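Below you'll find a set of structures to go through.
Next, two complexes with subunit A in common: one pairs it with subunit B, the other with subunit C.
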Partner chain A sequence: MNGFYHPGRSLLHRMPAVAKLLTLIVTVTVVAFLRSPEALGIALAVTTLLFVVAGIPPRLALRAVGPVFWVLLIAVPLNGWLVGWDSAVIMALRVVTVVALAGLFTLTTTVSAVLGAVETLLRPLPRVDADRVGLLLALTIRAIPLLSEIVGSVFEARRARGVDRSLRAIAVPVIVRSLQSADELGDALIARGVDD
Partner chain B sequence: MGDIRFEGVSHHFGDDAVLRDIDLTLTEQRIGVVGANGSGKSTLVRLVNGLVSPQAGRVLVDGQDVAKHAREVRRRVGFIFTNPDTQIVMPTVREDVAFSLRRLKLPATDAAARVDAALERFGLDALADRAAHKLSGGQKQLLALAAVLVAEPSIVIADEPTTLLDGRNARIVTEYLGSLHQQLIVVTHQLELLEDFERVIVMEDGRVVADDAPGPALELYRAAIR
Partner chain C sequence: MASARISARDLAQIAVFAALIAALTLPGAIPTGALGLPITLQTLGVLLAGAIIGPKKGTLAVVVYVALGAIGLPIYAGGTGGLGILFGPTGGFLFGFILCAFVVGWLTARLLPRYPFWPALGLTAVGGILSVYLIGIPWLAVTTGTPIGAVALGMVAFLPGDLIKVLVTVSVAKAVHRAWPGLITPRPWGRRRDGSSTDATTAAVDA
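The block that comes next holds the complex of A and B.
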């Protein structure tokens, strides 16, 4: 979800985020209960067709689904050996379909729209501050590149100072700079009226 | 123009006094604040929108005590921080600018129109759907400017906005700051930025040691740091 959105004007892009999120939840639940490889194969084919309908370039589609293949590389042989190869194929098809559906959702929905949808769905719940939950999600997503930059620059500094093997030389500055950034981000949020 | 008053303001961090009995009235359109690191200049401007509360005295913005009406005051005071990375909240450029309008509860079409106008004004329209954290330092600071100005504050405070930028980007951000019609308070070490300002305040050890037109104030400051 971090800069993962692919702009477009397709039906999926224009579909309201709340409806899209609910459809995703229902579809993933249905896929989780499918037991036959044929049915799962059809679900995966339909999902692939939806990627085409949404105009998602194959490179981005692979980026969305690719990481799960590393997990399957271990999980499928293990499952095949312990439970049986039919079960391994069903598990692989199910996981790829679910991850592809989730990827399709993030590729066709802006983070604002996702947050808006989450807030809309949470609003009727008693004792849940939907705006705060939405902000929490936004900040969690934002923290990923921020932390990645901090770790990257600490690694560079560590190499420049020739202390490659010291764990402390990474952990201490990463923690200190993360806390400092959190403090600054807190100030920026207050300045931008988040406590209104 | 806004009317910002500091009345007998003092502030400490632990045992260290960062501001000592400050009395100021700021009504000019463009005001610069200079001083060595630790002189209290950042704390001074943070008091204006309630990011810091004074331990003695009070700060008034257009007659409202910031300590008592911080939320109302913040709607009129936009704040640009030194590090644009820690001001970005949302993943894309457009979403981050739109984030500033959440508190105003505008109709979606009005909010979108204001966001588009802000993006265009700061030359970010072509980058609207880009990941905000992948922008260059200068672009990030322009995004911070757009995100502040889309809410149409009457006072803009910039705390060392060009410190982390290269010369070219610093010039671009400076030009945008110079074109603002709002009351502008800039904390900076780039003294040339302040030469056409109306007023410059020089801070030292938590006190105002000069408060004058840029010519004499900057001359005194340059002499002090030489």
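The block that comes next holds the complex of A and C.
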């Protein structure tokens, strides 16, 4: 699974993932505390400029912030009506800017680069085995297609028989087959010396 | 340090259940409901993680699921992903899922080995549903500046679906724990850990 990564050679693409992640955290925190619509407008304009610098097509940029539009579609009128339109505008600008900034990180960083950054950031922590965390995340990424197949085939089998359309009739075989897969995966890990 | 390490078998179960939540979230996402939250089987996956593999492994499975979505895999409801969703207005529900798996897993460990149906149904419904909304509703209210009462009212539309998912979870958990004992170490109510031999073995298995 490659996620939402959009390939490119811009400054943002070439920036090391750890530095980019830390910059994102600082920027998002600053934006979250901005109170004036002017300052937020500037923040949104700078964010838009960064999308241009990164060479993200407008279609992908809109898809990155798309999910929050559904929330804003209801929250903005509700906020304007109950609290005031000033507050509604500030809220909308802030939410769009934060989501766009985070989306920009996702669009310019490969999944494996983020995994590496997570491991680097976890390494200094005591009591956390960064290698195990990396292994767990990688295992899960490999397991998603397998589990999608299990869920899909159980749905299909039920539909083909046309007998029981209840959710339980689907969930029991899904869980049993998931547990069997986990057993096989556990055996494979032990065989490769993960527990040594 | 060595005791903090998770065994290979536990690692496999955590990975498989994290992947299961992703797999259940992907098909048939309907972008509808109050405040545009999509209805999916995501919550079913979270409830099952707690009720089938318990508080520790189940919670870790949800943490891994949330983390992989945050990294940028399109595994959140509606095929979305990325930090923007996690820290966006609906991100509180994702953090609520983590609490939900822990609460449901903790309650399940107390209901086992018998796992009586009606108490399990009641406790899972209250504990599981409340923990999701306890974080999700205030988060949505604060980020969108909407009064909390209005948000809570909007969530009523999701309750029937949530209750069906709890019912499915409990009936599946009952069948699975009977056929596949040992997934969760039972910790019955009112049994004191005073160093008696049976408790010592339970503790050893758990560690």
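The working rule: the second predicted complex is superposed on the first by the 129 of 196 C-alpha atoms of A that agree within 3 Å, B and C clash if a C-alpha of one lies under 4 Å from a C-alpha of the other, contacts with A are read in each partner's own complex, and residues count from 1 in each chain.
What we mean here is this: a residue touches a chain if its C-beta (ideal position, glycine included) is under 8 Å from a C-beta of that chain, and two chains touch if they have at least 3 such contacts.
Source: prediction; values computed, not measured.
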Touched partner set for A:Leu185, first subunit B, second subunit C, both or neither: both
Touching partner for A:Arg14 - first (subunit B), second (subunit C), both, neither: neither
Contacts of A:Arg123 with subunit B and subunit C, given as first, second, both or neither: neither
Greater subunit A contact set [subunit C / subunit B]: C
Touched partner set for A:Tyr5, first subunit B, second subunit C, both or neither: both
First, second, both or neither for A:Asp195, with subunit B first and subunit C second: both
Contacts of A:Arg159 with subunit B and subunit C, given as first, second, both or neither: neither
Shared contact residues on subunit A - subunit B and subunit C: 1, 3, 5, 111, 139, 141, 146, 181, 185, 189-190, 194-195
Partner subunit A, residues of subunit B touching it in the complex: 46, 49-51, 71, 74-75, 78-79, 81, 83, 85-92, 95, 98-100, 102-103, 129-134, 147-148, 151
Contacting residues of subunit A [partner subunit B, same complex]: 1-3, 5, 7, 110-112, 138-139, 141-142, 145-146, 149, 181, 184-185, 187-196
Interfacial residue positions of subunit C with respect to subunit A in the complex: 1, 4-9, 11-20, 22-24, 26-27, 31, 34-36, 44, 48, 52, 60, 64-65, 67-68, 71-75, 78, 80-90, 140, 143-147, 150, 164-165, 168-169, 171-172, 175-176, 179-180, 183
Subunit A to subunit C touching residues, read off their complex: 1, 3-5, 24, 28, 64-65, 67-68, 70-75, 78-79, 82-83, 87-88, 91, 95, 98-103, 105-106, 109, 111, 114-115, 118, 127, 129, 132, 135-137, 139-141, 143-144, 146-148, 150-152, 155, 167-168, 171-172, 174-176, 178-179, 181-183, 185-186, 189-190, 194-195
